[in-house]
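Below you'll find the structure I mean.
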Amino acid sequence: MIEPGQLLMLVSPDQKKYFVSADPEGTLNTHDGTLSIGTAMQEGFGARISTHKDKKYLVLKPGLYDFIKSIKRSTQILYPKEIGYIAVKLGIGPGRRIIEAGSGSGSLTTALAWFAGETGRVFTYERREDFYNLCARNLERCGLQSRVEQNLHDIEQGFLHQNSDALFLDVRTPSPCLKHIPEAVIPGSPVGFLLPTTNQVQELLYGLEAGPFGETEVMEILIRRYKPVPDRFRPEDRMVAHTGFLVFTRCISD
Amino acid sequence: MIEPGQLLMLVSPDQKKYFVSADPEGTLNTHDGTLSIGTAMQEGFGARISTHKDKKYLVLKPGLYDFIKSIKRSTQILYPKEIGYIAVKLGIGPGRRIIEAGSGSGSLTTALAWFAGETGRVFTYERREDFYNLCARNLERCGLQSRVEQNLHDIEQGFLHQNSDALFLDVRTPSPCLKHIPEAVIPGSPVGFLLPTTNQVQELLYGLEAGPFGETEVMEILIRRYKPVPDRFRPEDRMVAHTGFLVFTRCISD
Amino acid sequence: MIEPGQLLMLVSPDQKKYFVSADPEGTLNTHDGTLSIGTAMQEGFGARISTHKDKKYLVLKPGLYDFIKSIKRSTQILYPKEIGYIAVKLGIGPGRRIIEAGSGSGSLTTALAWFAGETGRVFTYERREDFYNLCARNLERCGLQSRVEQNLHDIEQGFLHQNSDALFLDVRTPSPCLKHIPEAVIPGSPVGFLLPTTNQVQELLYGLEAGPFGETEVMEILIRRYKPVPDRFRPEDRMVAHTGFLVFTRCISD
Amino acid sequence: MIEPGQLLMLVSPDQKKYFVSADPEGTLNTHDGTLSIGTAMQEGFGARISTHKDKKYLVLKPGLYDFIKSIKRSTQILYPKEIGYIAVKLGIGPGRRIIEAGSGSGSLTTALAWFAGETGRVFTYERREDFYNLCARNLERCGLQSRVEQNLHDIEQGFLHQNSDALFLDVRTPSPCLKHIPEAVIPGSPVGFLLPTTNQVQELLYGLEAGPFGETEVMEILIRRYKPVPDRFRPEDRMVAHTGFLVFTRCISD
């Protein structure tokens, strides 16, 4: 039995994924016909239920990976390999308050909200209205909008929140924002950045050297996939070679 | 002001790290002399407080990365690069129930407990008493023991819990345990494995093909670090080339 | 002035490449019109000469990389990143005698012949007539056929030559051929293999352990390309992740 | 039977390697006692011969890899993974004329001389006398000095040779030398560079954009080694992550 209000993921025969909130009276219209959400709730996770055209849909309990994969994007998004490492490195978890900019399509926002939980809070900044709206739609699809405060605001003017436990910037030129960070975070908090080019990293490192930052690290995360064939086990022929450089530092007050 | 009961991290001049629970009457004895925890609480995060021998200790709010780095280990442990990806891929988050085996030194257990929060629950299995005890000590240091149920039990005999949202196995020979997984997880749940050798992956893939599993993926995660020097920016000379292969699948009931 | 008999490479405006032997009376018919080889010889390398339709062709002195890139292929071929390492590791150079199987499209054959020079010799084996002919055509295009002896022969029946300085096998199942290697090489000579899957490498390693081989090494070579843009310097987005595993050993007689 | 004048490699029980020219009257003094070179010549490659103290030495025919591994170094040297790719990319082979700077310890010089053969020629430049002498000693040990012309000369003053088929620079600041390259190579020839940092690559790319160069490429070559154990086949735990960036271009005359 699935409880009312829980989020379900319904997977079509051709792997299309729908997120719906559990409502005993609800229905979902698909290109394969109409589904009864009440039936899905009674049958439970793992069940296969039929549309009125007798197409079978799988009922699953969605998780963060499903959400990220379903993000509607109009920007380069952060991927699970970076998102997972950022979560560990910045200590994102239940009850934590995190500042992030720019919102972009909201893939990192979604992850931060997922990990922060109902007791935490994500403050996301975006200066472009189209991205602000796209991020809002993506959060709403995943049922995570209540954990996030969206701000249509240029952070070069400063942040609007204080005392965050961590801060992450995915913006083209982070250097002009560095001076605002100490007022936005609890002293000693971890701060992260994503940057696509070595030139941007070099410029950021000059900015961080001017302080008040320390324990700076730079890295890339690579994922190498294998064909899951046991008698011809070998890596995939091609791989993603670059999404961006991650920079982590700690904001040290004097 | 730091609230009573919060966890603090105190960092010595030589970067030794202590985790302590905030107690206004408490003290910490270090090789640099005695510290007053009450003073640390009054000064707050980011402050530098003095031992009675006038050595300065930095007061920080610890996060998951700090915990993992401080794990006392007597086994090969899971590292942040794998832990972060596992968290995203298995959908670990507040309120989730996760089964894990073996506990080992408890680095993944710590991370699962961190992300599951007070509303979630981690069920960890270990058949060796020394590792069971080591995992307990590591959880206690990080203040996370209340979120975890430890089981001194060989999972080849089956799991003792049902309805988990995800399951992760870091054991030498996972194949004999595969038949017990469907009874332990909510149908459709993600399941992960870590294995050091290609032979073990091949054997596991044969086991997974026998079902009831699907959407199997195999991958490695590599982290490449750079020297954070802006005018001579270049990768580190050496890197970790292998910790293990990650295998992810979904347990599909029939 | 280019000497008669030298090989020229003529590059069209759309980067199509032609190899021709320098003949003062010769002509080349292209889709851009006819070129006079005598004019190319007089103008020399680096010149741009015109077809009768007034299209400009660049005259270059071709090298091994140009040859490999121009191989007509109907098989997976060896790439420059592996070829270069094989040449160093097996000590391919002027005057050396090298055995190779199978010929395939002839990309490694071309390289071995290039490095062995007029004083060396390459003995290449192939059991399929279509590949034998394809390899012959590719060698002829590059003017290297006089350095190579092609054999239409299955090496599971043994090799037809002795006293080679090095031996390389790019065949699906090298194990049945191992017993023939000691009779084919000078004692102590380096031997190499290319294999796409981990299962094949495992099987070969078992075979090599049975002897008489030693100093066995296994490796992969990865090439990571960067966008050559100085103010946005960054790796390419995608890369080739796998062509095959290289295995090197030394054939030790007792 | 080994011919007089051939180079032998004698390998001690503890894997120390000696290169000696085959002289029927010659002897080699080792820490294990004296060896007769005449005996080695009679017994031939692959044989194990005894010192007067009855220690067994293995007689092998050395190749380029053995030479590079034995280089006495007082600088960062080029490694086989880069050397092999450079040889392919620059078309180094019998009869080719190659310019190189700086000589350094002579590892690339050795490889260029190996591949160029008796009919080719290597012109190597070095401005420091200590490296000039070290390179000379390393070439002599490998019997390759007759193929190389060493120049104690700063290439910022220009090159002393023309009409080379290829040119490679392993110097800290190649940009001031770029203007001299067109006079040193046959028009259209390939040119390569090795540089350790991204900043140096960026600066070089600006220089190359000023011309007359084209078809510029930047890359790194990574080698990932595996433990050659068939029933626990897996990558090595650690690897070399960076030696340098390779830049290749073509010198196009106008």
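Order as written gives the chain letters A, B, C and D; numbering starts at 1 within each chain.
Rule of thumb we're sticking to: a residue touches a chain if its C-beta (ideal position, glycine included) is under 8 Å from a C-beta of that chain, and two chains touch if they have at least 3 such contacts.
Keep in mind the model is a prediction, meaning the values are calculated, not measured.
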Same or different for chain A and chain C, where same means more than half of the interface numbers show up on both copies?
same
Tell me which has more C-beta contacts between its two chains, B-C or C-D.
C-D
Measuring from the mean C-alpha position of chain B to the mean C-alpha position of chain C, what distance in angstrom results?
49
Between chain C and chain D, the Cα-mean centres are separated in Å by 21
Could you check chain A for residues that touch two or more other chains and list them?
198-199, 202, 224-225, 231, 233
So in the complex, which bits of chain A are touching chain B?
44-47, 58-66, 68, 80-81, 83-91, 93-95, 111, 114-119, 165-166, 186-190, 198, 201-203, 205-206, 209, 216-231, 233, 245, 247, 252-253
Which residues of chain D touch chain A once you look at their complex with the stated criterion?
198-199, 202
Residue numbers on chain B that touch chain D, as the complex places them
196-199, 224-225, 231-242
